Every structure is written in structure tokens, then in C-alpha cells.
Amino acid sequence: MAVDLTELIDDLPLVDHHVHGATAHDLSRRAFEELITESDRPVPAWMTTFDSQLGHAILRHCAPELGLDPHASPEEYLARRARLGAGEVNRRLLGATGVGHYLLETGHRGEEILGPGGMAEVTGVPVDEVVRLEQVAEQVAASGCAAGAFARRFAEALWERTRTARGLKTVAAYRHGLGFDPSRPSAAEVAEAAGRWLAEGEAAADHAAGEPDGGPGAGPYGGSGSVPERRLGLVKDAGPGTAGWRVTDPVLLRHLIWTGLDRGLPLQFHTGFGDPDVDLRRADPLLLRGLIELAEPTGVPIMLLHCYPYVRGAGHLAHAYPAVHFDVGLGVTYTGARAAALVAESLEVAPFAKLLFSSDAWGPAELHHLGATLWRRALARVLGGFVNEGEWSPAQAARVAAMVGAGNARRVYALTAPRP
Amino acid sequence: MAVDLTELIDDLPLVDHHVHGATAHDLSRRAFEELITESDRPVPAWMTTFDSQLGHAILRHCAPELGLDPHASPEEYLARRARLGAGEVNRRLLGATGVGHYLLETGHRGEEILGPGGMAEVTGVPVDEVVRLEQVAEQVAASGCAAGAFARRFAEALWERTRTARGLKTVAAYRHGLGFDPSRPSAAEVAEAAGRWLAEGEAAADHAAGEPDGGPGAGPYGGSGSVPERRLGLVKDAGPGTAGWRVTDPVLLRHLIWTGLDRGLPLQFHTGFGDPDVDLRRADPLLLRGLIELAEPTGVPIMLLHCYPYVRGAGHLAHAYPAVHFDVGLGVTYTGARAAALVAESLEVAPFAKLLFSSDAWGPAELHHLGATLWRRALARVLGGFVNEGEWSPAQAARVAAMVGAGNARRVYALTAPRP
Amino acid sequence: MAVDLTELIDDLPLVDHHVHGATAHDLSRRAFEELITESDRPVPAWMTTFDSQLGHAILRHCAPELGLDPHASPEEYLARRARLGAGEVNRRLLGATGVGHYLLETGHRGEEILGPGGMAEVTGVPVDEVVRLEQVAEQVAASGCAAGAFARRFAEALWERTRTARGLKTVAAYRHGLGFDPSRPSAAEVAEAAGRWLAEGEAAADHAAGEPDGGPGAGPYGGSGSVPERRLGLVKDAGPGTAGWRVTDPVLLRHLIWTGLDRGLPLQFHTGFGDPDVDLRRADPLLLRGLIELAEPTGVPIMLLHCYPYVRGAGHLAHAYPAVHFDVGLGVTYTGARAAALVAESLEVAPFAKLLFSSDAWGPAELHHLGATLWRRALARVLGGFVNEGEWSPAQAARVAAMVGAGNARRVYALTAPRP
């Protein structure tokens, strides 16, 4: 008889090691559709984002949480969602994830998005913080800073900002791509690059005053956030008070990363799939090999996020280098019925101690819910396949599920075990 | 009980949005073997191209259409094919595709290959044309043209040539690779590049006079078309009367593409898998990101063809950019029993409104037949899997099959719906 | 009723066309753990390399050969292994591979590893040799050589060393990456590069005297072989008497390759997955396209090894170019329960005459055993799937299994058929 791991995996109290806040706002159809895609372009009139793996997964797995049949229509779903209200939707969808600990990346936390406190209140589980390096740098710049003082000011702000944080995050993949010189820039290089940035940024900030999003380099659609619902999506890449201060200089990005390595917390890298700001060719985690080797003496865990479609390359890095860990979050959510393919690829050459779970959800609680639900279903299918093909024992499958779902993250981020 | 979508998908009147003509000639074994591979090298004596996924698929799916059992031997198959004659073979194989509309890329249409009229006659369904930019440019050059007049002459020829066409096609991936500067070249740059090309081309054309194929840059085997059956394969990359006029200059290729964007028809790009002329590393559709962004204001649909093995990258582009669409044609035919793997990857992050069907068949009608047959079988297997694993509803699967098989192409190319 | 190809494929007398010797030494737990990973970094205290696909496969498939139940614990397994002793373990594990002919790459053969004679004795089947170009060059350099004489001395040594060899191997992917200028370097370029290398190498060899491993370029952990068991792993990249002579200059690597092409034996290229020395981005077999085209007139078979995760690109090269063959060895061993995914990808666009079997095993006989066992299971699953989905006939599956498992290698390496 076929072994079914579903129940065992459904019962795991996951650690979501990279996630953002849920929105506490009710959402129009347009806003909802724009928040279930990574594209920042307006959704063309001839399509709906419900016609996607993510859309189908929402109707399949979230509709029952709102009291509808699976495979409800988008109209039924959105009507029920509106009737329940965002608060009740959040309670239901977040309450059913079975996540036991969230590590919340707070690089942008306008009033639309729940912060650590709000997330802890809704979910009833511990929420710790992951701090985005670029946001701290942009806040330093926006607060006014001399070029020669930037490195010191940034370090001070980073230490202050991360007193209780569990990890750091960099979006260098979006800002420049990962193909940068991996070596630590000199103090003089940093001061010079900071001088250029601060001069340009002040001009841009003046120009951007009153616009909460965008700024230089945000792309052709980056500054068009005139509709509140639209802004909800666009705020992804900007923090309050940092309009116009978008750090893209590779010298500065490297400096942020190396200062982050000094700080010593696990350092998360966005890699692979994301919004149109990312040049996917320049987001290949294999580009980080030089940095990984230079950073080895620090012992800092390097956490590769998402990795789609570079899952196998990420697995190679996790195999070769003790510090490297990775996940297939975000990709799992967006590939829906195909999520098992990604999870399976992540279980090839990587040691099982190097793989983690994340959702990378941002905004609608459907993304938090599906990040966990689709991952559980995919893992149960993949590990169940290994067992039923006679390759693994059920005990091995259970052990690996517990490691990937929670144990590895508890070790890397030094989280205490949950109370039984 | 397991849901089976086979019948539903078999009944779809497909739009084959990128295909070439079938050959009306009888084929020797050697000619046939050389036409069921993308390689232009002679088939070594120690192998047969029937020992391939495509070969097995021909014997499995085409043999019954010719009255043989599935899995006939190559010898039986070719003997039956010869006895029936090319006309009857075409009627049977093309008649059984269930394609409702062909968009025929006519970049080379010697007497060996059926043109739009011939294809319409054999198939009994509408056949519209897709025009290859490079062929139009080469015809302008071959007809004699001053460097300074090239841009104007090319535009005039393109508008004239595409009066009733449904789309454009570029083979820049073969000629230079896709890693070119995406910006529109200036008039002066175009005139200068045209001057170089026209001077070189005249010399080459003199040299190539009498040889229907090849010319500079066609590769070590590109000029060896002395056997008629061989030429049938090689003519893929040259048109009548354009011997020696092979446009490879990146400035000119960019100019052709930008003029194509001015023309406003959906613009097809060869990407990924193809004959040895292609450097697969330089045929990655992700290399088109810069051009895609620059072309966004034009609103012209960008159609990425084939994409093997870069299917997931193509899906990311289709997710991020409203204009980008793609297919997994050609790869489906050549991977045979593995076609479902490609179709499954194409259904990951891409919105379902962005995926199309094509066969990219050229020559033997087996390729037209298998393009449709293997795609239908693969799609039924993949979507049936989603339904039977409890992720999609049957209605969702039917809707997506109809979109990908025909509806998306009808929208993009503004085709009228078939009469019921 | 489902067709099961297991027995048929289990009975194939495989040709392992790229393998190294088994170790004749007993192994401590630490040594064993470090030999079942490609990483040369110390295994962190918080993990065990048994928590991997390879670890699970050892406990599943090798434990029964040692008289234990499948899925024994690592402790049980290692205790039984120690009790039996390396000799008995080798007899059992090597004796059960069903390999009929080994092509042994002997680029490093300290007393820890069995050479061709030792392997023939343990296995009772023919063992032929594959010679590593870089090792021959390093031995020439270490023996003392004038720069101007290097090319002649290397050619003489190569011809002498390969009098009975069946093939050549290059690790240029590790030493420089595959993105080198593919053209043959001139005699002057070679002499100049040899001069630089010989001068640097003498200094390094003086420095490395007494250290059996490492030398310049061996990486941060390359010289830390103070523990004998550790050295067993590290000796992979150095030969006896060549300490300090690591050839990395791209001119010299190209010269070695072109001299290898002159020699005329099938030439194996490491590509893809391997230890941290490899930059996976620079080990993509598609980078060899230029060399493949330049080498076409020689007719020398080009054998792409491993190819993980670039299996589809390797398949494209094998499709396009008659000389190109490939395998998915090493990756099969390291992906364990996922090996069928790699084997399936290798059976997409490549003609079936172009695919081979190898294990790339080195050291513990578990790797030799699993290379064959996992490949057989994966192939039976993949081909069985093609048959049971109605795409292939059982006869076609049997024919392809025999070609890939042995026939293609017998043809390429001109091996005589086994006696019945």
C-alpha cells in the first residue's frame, strides 16, 4: 500500500525564514489581481492574473478557508473575500498555515502591511525580523550624511537596527545583478561612491518629494504609483522616507554586503525569479561563487532565496560550500500545481541540512497561506514518491521533512525550539 | 476515477502559429533521415536518425496514419511512404493534425516546399503568412541597392511584402545571437553597415552564383548542397535569388527588428534549440530583456519561439512583460515521449494567456503531424495530472487547453474564430 | 499490465567509460563521510553527509550487499563495513555492479587507489585506461624541462603513456573553465606559456616539497591534507611526484587538448558538477561549441562527462555534431532517488547513439556500485514509462538500453564485444 506523508508533513510547525507582512486592507479586484503577480505592469484588459498557477491555487486552496467550494470562480472568491473583510481573511488564511515561527523581512512596512507586532498578533506565533541592508543604507542617505561618514553611519545604523534581528537581506540582484566584483571595497572607494550617490540622490529626492515610490532606476513603471491599490504593489521596493534614495552602485552594494558579513547574522540573497526589475540572467546564484569563497572565513551562513529557475545551481553551491543554504520559496507559490517539480530539484545534490522553507509572501494573506500549503503538498508528493519507489524509508522522509521545514532554520537562525 | 482530457484536447482546432510548408516531393531514405534532424552534418554511417525520440514518434504515431501498425520498422515505414507517394502521405498526415489555422513562415519557399496556397489546398483550412525580416532584407540587397537607400528600400519592401501577413519573424539568434545592443541604430549607423554588407555581399554573390544555398557565414557544411535531397534540408536558411546575401551584421539585424516593430505585426523570435548554426548560449530568450523593455511602448507582441531548454526563462519574461508570449514548438517534436516535460515547464510562472502552440515543422509532413499530435498528448497528460492530483478542476483544464491551443493565437494575430 | 524492464536492464554488461579506482583501505567514519561528497571542505559538526541522496542510496542499495537490511543506519552500515574489511567490501560491491568493462581514468593513483591491474583482479573483467592530459603535462614539467622543449616532450610522453590507452581526459573545466579561445595555439605561444609555468612551478614545487597535495591554485583548503583520510580525498587533483605543478594557463590547456586531438583517441571533457574547484558557470558544455567545430575535421569523438545540470545543452551538442557524445555519470550517483530525472533529460534531443554510461566513481566502492545500480534503476523507470505510456515499444526500449549501457561505448572506444 502506498505510503502517504501528507498528515505528517501537514503537522510540521514550519519556520518561514523569509516572509513579509500581510496587508490589513480590503482589496479591489484590480488591486488583488496586481498583487498576485510579480509583474509591475498594469494587467492587460485581455487577461486576468487568475489565469495562472497561482490564480488556480488560490481558488483551489484558499476558497475552502473562506467557506467556498474548491475551484470557485474568481468573482465568487473576491465577493466572499470582500464580505469577510481583510481582518477575517487574514485570521483564516494565516491561521491555517501551520507556521510556527516567522522571520519577517521588513524592508518596507507602510501602514498597508503588518509589521512584526501585527503579524504576531494575527498568527499567535513568534515573529522575528530580517533587516534589508539597502533600506538601512537608504535611510542613512535620506537622513543626510557626508560622503566620508557614510561607512561609519551605515555601520552604526545597521548595528542599531539589528539589535534583535535574526538575519539580514540584500537585494543586490535587483539593483545591479550578482555579477559584481566580490572583493571588499576599500574605504576610499566607498567614500567616493557614496559621494556620487549622495549628490545624485539629493537631486532625485527633491524631484521625488511627495511620491512614495520610485526614484531613479525604478524602471518605466516605477514612478506611476498614483492609484493607492497600485502603490500597494509598488511599495515593495521603497521604504517610507527614502523616496529617491535607491542604492544601485555596485561598490556601495558590495560595501553593504561586506558590512553585513561583519555583523555576522545569516545573510539572505535574493536570487532568481522576481519582478521585472530583475534581469534573470544576472540573478543566477552561481554568480555569487567568488563572494562565497571570500566570505568563507567569516562563517556567516549565506542564504540563497527563491533560486528559480537556478535550483540545481543553488544545490551545487550548497553541496560545495558549508555556509551556503537555499530555498525554493516564491517559486513554489507561483508554480502552484507544478511546485513539486521545484521541490524535487532542490532535493538533488544539496545536503538535506542546507535546504529551508520560505514563502516570500507579501501583501495578500493568500500568498502566506499558499507558500506553506503548496510546499507541504509538494514535499509530501516528492518524498512520498521516493518512499513508494523503494528508494527511501518512511523514517528518512520524516526526518528530512522536519529538517527542511523547521530544523535547519532553527539551527541557522539560532531559534529556540517551540514549546510542545 | 481518473479524468482523461485526451478527447477534449484532440478535438481542439489548433492554431499553429509558426510552421513552414510541407514538401511535395518523394524522399529517399537518406533525404528523409536528414530531414528529421536539426543537424546539417551528414548522418554518420554508424547511426540512424530513427534512433531518436523523433524517430520513435514517427514510427509510433505516423505509421498508423499510413496503414501500418504502431512501432513499425524504419524500413517498413519508408517503403509504405514511398508506395503511397508524397501527395497521399501529405493528405493523410496533414489531414489528421486537427489544425484549424496555419501561420506559415515563408522565409524560403523553393519548389520543394508548399507555399500558403499549396498548404491551404492540402489541408483545407486557412493559411496565413508570417514574413521573415532577414529574407526581405536579403532580397532588397540581392536586387541591387545603394547603401544610403537601404533603410528606405527595406521598409518599402517590408510593407509591400506584408500587406496580408499576420506576423513577422527574425532569425537574429542564428545570425548573431540575441546578445546585441537593443537600442535602435541611427540612420547613419544603418547606412554604414549596409554599405559594408552590400560591398561584401556582391563579391560573395558573384562567387555563389549558381549555388542556391550557403554564402558567407553558412558554416562548414553550409555550401555543400550538391545532392538535391541534401539541399532540401539546407535551403532552410536561404531564399531563392538571395544566394550570398546573408545578413549577419548586428547593426543591420537590429535595424530589421526595429523596422519590424514599426510595422506593428506580432514579431516572432527564434530562440533556443535549432541547427548547428545556432550558438545555444547566445539564443537564450533572457538576452532579449533589454529589447523587450525598449519595445514596450510600441505594444507589439513579442513571440518567443521554441525556447528549449530555456523554457522557464521564457516563462519569466511572459510573466513580467505584457507583450511577451512564447511556445515550446520544435522542442515538443524533437523530444517525443518527453514532450510532456517541456509542456509542464511552460505551465509554471507564465500567465496562461501568454502561451501558444506551434510545430515549426518544415519539410516532411511527419513534422507537421507530430507537432500537433505530441503536443496534444503532452498537454492531456500534464493537465490531466493537475486535475487528478486535485489541483485544478476539469473546467479549468479545458479552458487553459483552449487558450493555449488556439484562443491566445486568435487574439494576438487577430484571427477570426472558425465557423462552427 | 505494466511492462517492467528491470530484469532486462539489470542483465546488461555495462561499459563504465569513465571511472577511477576503488580504495583498498579501510575508512574511518570521517574519511568515509568526506569521500561521499564532492566538497573538499571539512564536514561541519552540525551535519552528516549521510543526510543526502547519496547517503540514502548507500543505506538503501549497498547495505544489503553487506548483509544488512535496506535503510540501515549509518552507524550500522559503517560498523558492518569495518568488520568485513575493505577487501571484502570491494569484492561484494564491485562484484555486484554487473559492469563488463571499465575504462579507468588514472590521473592520480597513489597506493590508496586500485590501478587497472588491481581493478581487473577484484572485478574479473577487462580494465582499460584513460589518460589525463594534465597529469602527463605535469609529470613532464616535474621531471625538468626547458620551455622550448615542452611541446615535443609532452607529445612524446603522451604517445608513450597512451600506447594501450583507450581514451584521453581533460580537466580544463577545473583549471580555467571551458570559455577559452578554441583555436590551436602557435608553437611560440606554447613555448612562452610553458616558460612562465615552468618558472613559477619550480618555485612552487620547492615550496610544496613533502606535501603530497595542493600547490598553487588548489584553493583555500587544497593544502590542508594533514590527516591521511583527508588526503585520500584531496589527492584527486594531484599525482605522485607532481606536487606544485598544476597547469592552469589557458594557452597550455589548449595546447594539451589540441595535442590530444592529434593523438586521436576519444577525448573526455569534465563538464558541470564537481568539487568546489569548479566554477559551474564556466563548466557549461555549450562553451565548447567553438572547439567542437574546429575539431570536426579530426573526427575525434568528443565525450562530455557528467553535464549536470547542463544535460539538455549537452543533448543539443550531441544532436548537432556527429563527434559529440555525453553521459550523466556522477550526477546519477549524487542525485540518488532523483537520478531518473537526469536520465530522462538525457533522452530528449540527443540521438540515442550518442549517450553513454559512466559512474565517475573514485575511492569507496559504494560509488562504483551505485553508479551502475542507480543508473539501471533510473533507466528502467524512464524507458518503462515511455513504454507504458504507449510511446515506445518494449523492443525499442531494449535496443536503446543496450546502446546506452554498452554498445555506444564499444563502438566509440573500439572495444571488442564480450564473450557470451
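Labels A, B and C are assigned to the chains in the order they are written; within every chain, residues are numbered from 1.
Simple rule for what comes next: a contact is a pair of C-beta atoms (placed from the backbone, for glycine too) under 8 Å apart; a residue touches a chain by one contact, two chains touch by 3 or more.
Please read these numbers as outputs of a predicted model, since none were measured by experiment.
Chain A and chain C carry the same sequence, and matching their CA atoms takes a turn of 120 degrees, rounded to a multiple of 5.
At the interface between chain B and chain C, under half of the residue numbers appear on both sides, which makes the contact a different-residue one. Averaged C-alpha coordinates give centres for chain B and chain C that are 38 Å from one another.
Residue positions of chain C touching 2 or more other chains: none. Note for the complex: chain B touches chain A at residues 284, 286-287, 289, 293, 296, 312-313, 316, 319-322, 344-345, 347-354, 385-386, 389-393, 395-396, 399-400, 403, 411. Interface of chain C with chain A (complex): residues 37-39, 41-44, 46-49, 51-53, 56-57, 60, 70-71, 219-220, 273, 275-276, 279-281, 308-309, 331, 334-338, 341, 381.
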